Every structure is written in structure tokens, then in C-alpha cells.
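The following blocks contain the structures, represented as C-alpha cells.
Common to both upcoming complexes is subunit A, partnered first by subunit B, then by subunit C.
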Partner chain A sequence: MRFDVGLMLSWIPAALSGLWVTVGVWLTGGIGALLLGLAVAIIRRFGGRILDRGLWACVAVIRDTPFLIQLFLLYYGGPFVGLDLDPYAAGLLGIILYGGAYICEIIGAGFDAVPRGHQEAALCIGLTRLQMVRRILLPEMTLLVLPPVVNMQIILLKETAVLSIVTVPELTMTLTSLGSEHFAFAEALSLLALGYWGLVELASLLGRLAERGFSRYRLAT
Partner chain B sequence: MNEVAIRLAGVGKSFGTQHVLTNIDLVVRAGEVTCLLGPSGSGKSTLLRCMAFLEEHTTGIIEVAGAPLGFALTPDGGRRRLPDGDIVKVRQNIGMVFQQFNLWPHMTALGNVAEGLRMVRRLGRKDAEARALLQLDKVGLSHRAGHYPSELSGGQQQRVAIARALAMDPKIMLFDEPTSSLDPELTGEVLNVMRDLAADGMTMVVVTHEIGFAATVAQNIVFLDHGKIALEGPAQTIFRRPWHPRLGQFLETYLDRGAAVLVRDT
Partner chain C sequence: MEWIDVQLLAVAALVTAGISIVSILTGLGIGLLVCMASLSRNPPLRWAARLYISFFRGSPLLVQLLLIYYLLPAIGINVPSLVAAIAGLSLSTGAYQAENLRGGFTSVATGMIEAARMVGLSWRQILLRIRLPIALRLTLPAVMNEAVMILKASSLVSVVGIEELTRSAQNLATSNFEPIAMYSMAGAFYLLLNRLLSGGGWMAGRLLGRAGA
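And now, the complex of A and B:
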């Protein structure tokens, strides 16, 4: 038995179609997670104590259980409570909930990290509270959370591999099934690793470019 | 006597059971510079922050330009909280300068100064920036208008912060230890801007450790100790004869820095 590079190369077209599904799920799921995380963080900060506590509990449950189990529950457990989702929908919802829980915590910490004095300065200038939030708090928070949010998006990209267990035909599903078919797991998993490596490097590069673009606005000391 | 700019009557502030300020009566007159002095923890910064309603005073009444700030007296002698809109309105008489500058890092120097003009005064971007540039010119920084706070020195940041406050045409400027996070070299440029402002007749309340500045610029000195006004009066008399034991002791600590000599010779 030897490592069959030719076989590996012959899988590239199939791998690419899986790759597109991965990228598609990641982009929609990642953006969805960002929006959900932002919305939950804002509600928790400005929506009063009861909402804050309730949402805190939801976030805790999601953060304290493995993504694999959450996805299983969504897909196989959903129908018991009338939530009958196709694999894509279950996978996407899973990514959005999982990512949203973490991003909400990141953004919450970002709000806390905006110096109080910057907000006081805005009020002293005469800005209303809403103007202060829109013009000072949100932009400064965005600058602060950019690196950890990029990091979270990269984690989400890799977590999309878990979607293979609910039969979403993304990169992992495509290549592991090809591997089983040809009984060539080393080839399949190598190509799989290469695929994720390339994607993550590309995503990191984009993240670094974004951070560099914002570096002029860093907090002055 | 000039008209009253700020009047405090029976003002107190406590955080839980800790009394930071007790029964402060103080009158700040228009066109005068009042310096709040005192050791750390004496409540001078808290007192200044109360004048901008960044801290809510727990007792007493504060009037700014004749209007009650935050709380008004009720006929039965109690206090009632005024709506937020009123607080915003009364605050417009006040410009505040902080120890930590507190410039907004995502805006240029010009953007920082223009922000209030655009958002509060509702000027268009062009008009706001033209006026902001004039304001920056007054603090000698029009050539730095396009720079972000992270690209400015501490002294420059503080001058931008002063320009930002002045752009809103406040009647009273409050300074909370404006030079305490600057090295001596940069302190001078900020104090010079403040001297010019005082010479122009701006009403100023300054919390500072710069005894030299207090002695040469202030008309009034308020010396706080343990949350109370220990001593208050015209700068000349206060510094000439620091007969008050606590003030004498406080000024002694400046001997090392050579400032007390300056004070005595004033």
C-alpha cells in the first residue's frame, strides 16, 4: 500500500465543489453569527436586567456544550419539538447560534473595554445618549473586538467540518466519503487538511489586512 | 462683583456609606479662575465632576448659569430629579477637560473638534470643520488637524481636547487635573493655552497639582480636605499666609519640587 498522489489529484474537482459549500456555509453562518452576537450584546447591555439574565443563560448553555451535540440535537432532536430542518438549515442555524454565543461575549467585553471617559467626554460635548452610542461607543467597540472576532470567524470556518455529521455535502463530508469509497483515508484526509489550511490562511490574511487598515485608530495612550 | 456662574449649596456626595463630599457651599464667579487644591482623596475631582453632573450629588443643589443642574428644590425643601433633556441643556454651559484627554481614537483631531458642532449644533460637515479648524488654530494645532489621537503627543492631545470643549462656546470650562498625565515639558504647552484662556476672561474651575499655575493665574483658591472646604479665599491672601495648618503642611510637600518658593514669592 502506498500513498496515491494520482488518486488524490483526481479528487480535486469533487473537493472544490465541497469547498464551495464550506465557504458558502461559513460566510452566511459567520455573518449570521456576527449579526446575532451584535444584537444579543446590544440587547443585553441596553435592554434591562431581565433580558440580560435570560440571554446570559442561553449563551452559557451554548458555550458549555459541544457544537457536535448541539448540531445533533437540532437535526435529530428538532422534529420532536416540531422543528423539522433540512441538513443545510440545521447546519446553518447551528453555526449561527454557536458563533453568535461567542461573538456576543466578545462584543460585550468590547463594550466594557471602551473607556468610560470617552463616553463622558461625548456627554459633556452635549451628545444625547443615543448619539453617544452610535458615534462613540459602537465604533470604538468595533475597533477593539476586530482581532478576536476575526479569530472567532476562523474557528467557525473549521467548525463547519462538523456539519458533515448531518450530511451537509461540504468539504469534510465530500472527502471522507471519497476516502471510504476508495479505502484511501490518508489521501482523503491529507487533501482535506490542505483544503482547510489554504482557506484558513486566506481568511487570516483578509483579517490581518482589515486590522492593518484600522491601526491608525488605535487607542492613544 | 461678577455674576455667579456656578453656585453650590449644601452639596454632598457619598458612594454607599463613604462620604466623599460633605456640605459644600461654593460660588464660582464669571470671568474668574478658581483652583481646587487638596491632597489625593480630598474630593476635589469628585466636586468638579459634580459640576458637570458626571457624578450625581447626593445632597444639595448645584446651579449653573442660574439653572439647577440635575436636581431642583421642591417647595417642601426636598429635591426632585430633573429630566435628562434638562441636564443636557444645562450641561451645554460647560466644557470639560479630563486628565486622560479622552479624545475619540477613531476620529482625527479635526473630527474630534467638529463632532459636537455637527451632532449638537447640527452644522453641515463643511461648516463644522471650518469652525473646528479655527478652534484648533487657537491652540496652535491647525497643522495637526488630519492626525489621529494616536499620532499626537500627550500635550497635543490635551490641546485638541481643550479645542473640542471650546468649540461648543461654553460659559464655563472645567479642568480635571489637565496636566497630571503629562511630563513637565508637555505640561508647559497646556498651561500656556489655559493662561491665554484665562486672560480672555473665560470662567474656569481647575483641579490641579500645579501650585505655580494656581498662584499665578487663579483669583480664587479652594482648599479641600476630607471632602470639606478647609479654606477658601483670594489666591493672594491664601498663598501669602498659609496659616491654616493643613494647607501649610500640604504646601510643604511642594518644597521638594521648588514650587513652594515660587508660591511664596508671588
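And now, the complex of A and C:
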């Protein structure tokens, strides 16, 4: 087997354009998933029994079915119910829904882990319910959920590779099509794996830095 | 949606179940080996295990599947695509299971291992009868969680042309032009398989609980 490193290097500019799409979808999708997860967790906690049960079922369905099936439903099934999405929008929506389902569970567990005494103490010294949520519950929960949320964001980064199947021109799509154009899969796929590996290591480094930055706010419980 | 579609999807669900179960078990075996390597006293072995875990956890499964699918023939190994798919799933999940099991192995109390050594058990007996059952019982939730992930991830092998649940749903959706019904049905089958898998995990927990008692 020939392995043409020169060819591999010549693809780097093209690969970078795919990389930006990957990073773009990941950042917007990741932030979207975080906001959705937070919103769903808050609604489930304070929105009453019916909403809680309904959202629990949605989350369970999303968590127990493959991301690819959800993506196909959005992209191929969407037009049948008037939801005409281009690949990019379908992919982004898919990432937000999938990530949101997991992050909502993480944040829910975070809420449960904040000591009840802290919340009762806040209400006792005269904070309103909203103030208690904003000033006590959310900050304490943030510290607890940071590591699993960072982990989930890294899973989402890897999950964006699946978007290539519905033709989002991200890193995987760019490099596999270059590979088939030049009939050089070994080079394309090696570059691809190395690219993701580097990206994931970088993301986990940033995550560790964020955790260290936040850890100085940690209180004794 | 016709009854025949449901039947076709049910058969495809069996293929998905087969691929997943083989991959989960092979992956557990690989995970155990890699975990032992990562805990060994031999530095090169430890580094190799760490590199393995870092690579397979650090790149998307889709990319790993494509790598195995295209690279094995390129270096002269011709295997059926089904074997390549199962190999890809097993190698990937092996890295996650190694990390899961490592947590279990390091929390087996040293007193228990010393006691086992005192009563004259060999290294292998200690591993198989003391350390492994305890580690498995401690990490069962994480191990089962990863098994569910693999069942879902098996949908990706449709990309390399395996006729499993996702691929069949895709074929049916394009031929009868009912994507919503077909993909929802496929999703329902995945849900069912996951419930069965979780049930299996619960039973395994009971068995391990008795073995450890």
C-alpha cells in the first residue's frame, strides 16, 4: 500500500474549510443544547406534574433511539409535515435536540444534588423563590454539572461526524469526498481521524481549564 | 405502512440485536484486556493501553468504522463487511469499557486480594473469582450504559452497507415514500431493544450480586 503524505498535506486547506463547519455546528449546537437542556430541566422541576411527565417521555425517547434515526426523521421526514430544512439546519436541530435531552438529565441530577438546607436557608433569610433559584440553586448546580456537561459537549463534537450522512459539508464529508476523488482513502481517513483526535484533545484541555477556573468558587458543603 | 414493512423491520431489528450483542461481548473482552494493560506494572504496555483508549475515545465512531472498512482491504486483509463493522464497534466500545472497568478494579479492596492470596488462590483464580466479579458489579451501571450506547451506535454500520435496522428503514422509506412512518417504526424497535438490554443488565446485576455475596 502506498501512503502519500504529500497528497495528505495538500488537502489541509480544503480540510480546514470543513473543520470550520464542524466547529461552527458544534459550538452553535452545543450552546443550543445547553440552553435547551437547562430550560427543560427548569420546566420539569417547577412546571408541574403533567409537563414533567411529558418531557420525561420525550427525553427517554430521544435518549433510547440512535442519533442517525432522529436525523433521518428531521431531514427526510420533515418536508412531509411542512418542516423543510436544509442539511445544515436539520443537522443543527438534531444536535440541539439530542444534546439537550442528555444535558437536561445532567442538570436535573445537578439540581437534586444541591443540598436542600442551602435552599431552605436562602428562603429563611427572606430571598424570594426566584432569587433563591438565581443566586443559590443555579450557581451551586453549575459547579456540580460542569464536568459531565463538558463530557457531553465532547460527545456532541464527535457526533457531528454523523451529519456528513445527510450531506452537511463538515470535516468528515469534505475529507471522505476528497478521498474518493483521488482514490486515496487511507490518506483521507488517517487525516480525518488525526484531525478529530486533535480537536477532542483540545476540547478536553479547554474543559479542564474551565473546571479549574470555576473550582475557586467551590464552597464546603 | 403495511404489515409486511413491520415484518421486514422486525427481521432487521434481529440483525441489529445480533450485531450489538456480539459487539458488546467482544468489546467487554477487549475492554478487560486493555484495562489489565492499563493497570499493569509494565510501562510500554501501560502507554499502549493509554494510547488505545485516547484514540478510540477521541475520534468519532463513524470515522473509525470507515477507517477499518477501507483500510483492512488496503493492507491486504479481506474480511466481509459485517466482520469489519463488528470489529469497529467492538474496538470502539472496548476503549470505553476499559475506562469503566478500571474504576471498578481500582476500588476492589486490597484486603480482599490479600486474603485471597493468603488462602492460596492463584493469580488467575483471584482475577476470575474475586477481582472481576466485584469490578463488574461495581461498574455495572456504567457498563450497561455503554452497552445501550453501542446498540444505538450500531445504526452507523448502515453506512458501510450492512442491512440492519437503520439501513432497512432507509430502503423502505425511499421505496414506499413514507420516511416518517418507517423511521418512527425503526426508532420504536430501537427503544424496545434498549428496554430488553436494560432488563438483561438488571438480571446480570442480580446474578453478580449473588456471586459476590
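Assorted remarks:
We take it that the second predicted complex is superposed on the first by the 218 of 221 C-alpha atoms of A that agree within 3 Å, B and C clash if a C-alpha of one lies under 4 Å from a C-alpha of the other, contacts with A are read in each partner's own complex, and residues count from 1 in each chain.
Note that in this section contacts are C-beta pairs under 8 Å (C-beta built on N, C-alpha and C of every residue); 3 or more make two chains touch, one makes a residue touch a chain.
From a predicted model like this one, the values you see are computed outputs, not experimental measurements.
With both structures placed on the common chain, the touch criterion links A:L123 to subunit B but leaves subunit C unconnected. Once the two complexes are laid over each other on the shared chain, residue contacts for A:L143 go to subunit B alone; subunit C is not touched. When the two complexes are overlaid on their common chain A, residue A:R135 makes contact with subunit B while staying clear of subunit C.
Within the superposed three-chain model, A:K158 lies in touch with subunit C and out of touch with subunit B [touch as defined at top].
In the superposition on chain A, A:W56 makes contact with neither subunit B nor subunit C.
For subunit A, the partner that touches more of its residues is C, with subunit B and subunit C as the two candidates. Within subunit A, not a single residue is touched by subunit B in the first complex and by subunit C in the second. Looking at the complex, you find that subunit A touches subunit C at residues 1, 61, 64-70, 72-73, 76-77, 80-81, 158-162, 164-165, 172, 176, 185-186, 189-190, 192-193, 196-197, 200-201.
Contact residues on subunit C toward subunit A in their complex (touch as defined above): 54-55, 57-64, 66-67, 70-71, 74-76, 148, 152-156, 158-159, 166, 169-170, 173, 179-180, 183-184, 186-187, 190-191, 194-195. The residues of subunit A lying in touch with subunit B in their complex are 115, 117-118, 120-129, 131, 135-136, 139-140, 143, 216-220.
By the touch criterion stated above, subunit B contacts subunit A in their complex at residues 52, 54, 84, 88, 91-92, 94-96, 98, 100-106, 115-116, 119-120, 148-152, 157, 161, 164-165, 168.
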